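Multiple structures follow.
Look for subunit A in each of the two complexes below; its partner is subunit B in the first and subunit C in the second.
Right, the complex of A and B next:
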């Protein structure tokens, strides 16, 4: 019985893993980058690179909120929603946005502007780019497809990941030993060691991130408890859980709102020391108008922000929410918070990032190992099956293609002219074009030579990125270090490190190619 | 002749594998959906709390059922237990909710 359980788990691990590994690699890759979502967005907006962060961030907020809301009072009277994002530890500027009243059945358009937190003047020349938001969305909404379909696909892959992790732990006879074992240059053994090492070292992270990832989509996956507990279904549950999220429809009857400055001052008289993350006005000047203050949760393991909701006509506090949680709410909310990692200080954020990369290595090495094993077992005169060639092609396309695509995305951000219409979308198209190019090459042929060429291409691209950045913006790595702009310096250093890793890889592959010309010849013969 | 042909097809490896995956993915999903709905109905907590607790545990239930489906040798036993336990839980849920 024990033996059969072990064998069934080995089988399950191999096949669930292989079926979804490429989609999972994309999810892990984009998700890992998303831990630095705000930093990537910051990098993609050179106009704000030199906006100085403030020493007394929280103290300055009262004036900033007033200024931003007054700007909206003056410029967006007819809007459906006003939205103000305050500077945080990771974002230096004030975001001032408003949403139009949409036409019948349509959603209104958002208009975004940005303010210098020091001078409270609006910043021009904001670049039309999604920045880090692209990777964040790609991570669970994919692209070029319906969101709901994408989310079900991502959930399916994540479920298989979870199954792969559990079965992976079962088939591990020596989990502790694997932590210290890496046998270099031993073919499939080396890949197995890489797979084990990256899995075992970051196992708590892998399990946590997969489980909590599924929990973020849980009301799509398992709406049934909410549906059975509430006769009116999921909506009634959300209305009960979070009344502050409920939007009354615009009635069209206008009211005279109190001046925003007065409302803000009143909030600060009652709650003087709160660190505010965002301020929203729903339906300004309508009788349903509400002013909401959201507090920054900082480093707390909490995702839902505490919120204060005010009536804008008489300045009455209507409700506060998310200030204390029940045990179930804490369980649920802390899982979301762990997944998004918004809580973390830079050190922990880097740990998340490194663990995410370990996840990519785990998935990638597993996929490569499968193909290597089949190749090793093949007899000399056997030709590779279509399945094997497909797996090899997809491995190469995914593992080496995504870095190429990402580099293309960053180059597009620096090189496309600001006036280009549909610029943000064009950046994304270039990401996928870059990937498509690699994929076509990989599916045509995926031997050692192709791996080496793509490693070289990646090395060149990632080395060129900081250079391109230095040529197209005011700053460069040296000036970043002198001005202590660590986010930008970190970005460049990471690019150079990536380039170095790919260079080393290409050298290794070259020596491998040189060492086994005969074998390669045989492999080439089979691949054709 | 035809019947015996179909009979062997039902015992073929591809069919058994697909059937097992079906039991794990679809059967496990339906089973977990019923189980967590029942859990939400029976825990003595306010409604929102019981729902949040149930959904937070739903993936755990699903994953365990999934693994269990692959660990049991006899496929018939898998289907039998899933259907029997699932129906019992659904009946209990319907009884508690007063749908019957």
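Right, the complex of A and C next:
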């Protein structure tokens, strides 16, 4: 019984893992990069690199909000929404955006600009780029497909991952005994050790991130309680859960709004010392216009920001939300906060990142190990089956292709001209074109030589990225260090580290390739 | 500084857990660990882990507990790499660890 239980658990672990490992790798990879979403966006916008952070950030907010809203009042009267993002610990500039009223049945277009918080003047040359937002959306919406379908796919993959994790813990009998074990240079055993080590060292993270990942989409996966409780189903449930997010339709009847400065001053009289993260005005100048202040939650394990909603005509406070949670709301919201990691200061953010990389290693090593095991069991004269070649091709395409694609995305950000129409989309197309190129090569042949070539390509690309950055912007690694711009310096250092890792990989693969003919010769010699 | 101290305690704790195992002790010190020493190392490791938990949760319980999970992950990763690739360097580090802990503790108190 015991034997068959372990055998069936091993079977479950192998097949649930193998079936979705490539999609999971993409989800983990994009999710891991998303922990640095704002930092990537910051890197993507060279115009804001030299804006100095403020010492009295919270104290300066009142004036900044007024200035930003007055700027929008002057420049975007006809807009559907005004959006102001205040400087935070991770973002030094004021983001000033507005959304057009879309044509009938269409969503309006967003227009973004940055303001210098020190001078309250708009910064030119906003670069049309999604930056870190691309990886964030890729993590759960994938791309080139319907969002709902993508989210269902991601949810299935996550569910399989959770099953893989639990069955993995069951079949890994020596979880504490072999905790630190990594035997190098022992073929499949080394891959197994890498798989076990990367799983066990961040096991709490892996379980947390997978489980809370499913929780983020729980209302899509399990809408039945809401559908039973509310006559109008999920829509009514969300309206009840989060009234501040409900948008009344524009009536078209224009009203005279109170001056924005007066409304902001009134908020600060009522709620002084609040650290504000975002201010939104829905439907400015329409009779349904609402002014919303969102507070920064800082390091609290809370994802939903407290919000204050004001009537812009008479300055009346209509509602406050997310200031007092029920037990179930706290549980749900804290899980989302854990998953998104928005609460993290740089130290914890890096720990999240390292654990995310461990997740990628876990998935990648598991997939490689499956193919290696099958190859090892094959007889000398046996040819590889279609399934094995497919798995090997997909492994190479995913594990080595995603870094190539990511580098292509970053190069596109630096090299595409600012005036290029549809620039942001073009960056994304280049990401997928880069990946497609590697995938075609990998599916044609996926031997040691191809792994080595792609490792070399990655090493060259990631080494060239800081150089390209230095040539196309006004800063470089040395100036970043002297000016203490640690985010930009960190980006360059991480590129160089990635290049170094791929270089080491290519060297190891070269020595492995060189060893192979020698072994074959020796074997032939013995046979003679 | 208190967080650095918490990480160092966590790393010390997991170094202890690794050294309490015969194979790892041998790869670092060249001899097998006897049962009594192994038990003592394990007790000290648990105390260090408890100290690390208390320190990381000193200011915020929730945030600190997430940090502790991260410290554990990084500690295990560093140890596994050191044990496989540089066991001799790990031996030097083990001798340095008490000193590092004291210096960091003094700096944290200041």
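As a convention for this text, the second predicted complex is superposed on the first by the 517 of 528 C-alpha atoms of A that agree within 3 Å, B and C clash if a C-alpha of one lies under 4 Å from a C-alpha of the other, contacts with A are read in each partner's own complex, and residues count from 1 in each chain.
The rule is simple: a contact is a pair of C-beta atoms (placed from the backbone, for glycine too) under 8 Å apart; a residue touches a chain by one contact, two chains touch by 3 or more.
Keep in mind that what you see is a predicted model, and the values were worked out from it rather than measured.
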item	value
Touching partner for A:264 - first (subunit B), second (subunit C), both, neither	neither
Subunit A residues touched by each partner, larger count belonging to subunit B or subunit C	B
Touching partner for A:241 - first (subunit B), second (subunit C), both, neither	first
Which of subunit B and subunit C A:51 touches, first, second, both or neither	neither
Shared subunit A surface residues [contacts with subunit B and with subunit C]	none
Contact set on subunit B toward subunit A in their complex	32-34, 36-37, 39-41, 45-56, 58-60, 62-63, 66-67, 70-71, 73, 93, 97
Complex interface listing, subunit A residues touching subunit B	4-5, 8-9, 11-12, 159, 162-163, 166-167, 211, 214-215, 218-219, 221-222, 224-230, 237, 240-241, 326-329, 331-332, 335
Subunit A-facing residues of subunit C, complex	3, 14, 17-18, 21, 24, 60, 62-63, 66-67, 69-74, 76-77, 79-81, 83-85
Subunit A residues touching subunit C - in the complex, by the definition given at the top	177, 179-184, 197, 200-202, 204-205, 208, 299-301, 334, 338, 343, 347-348, 351-352, 354-355, 358
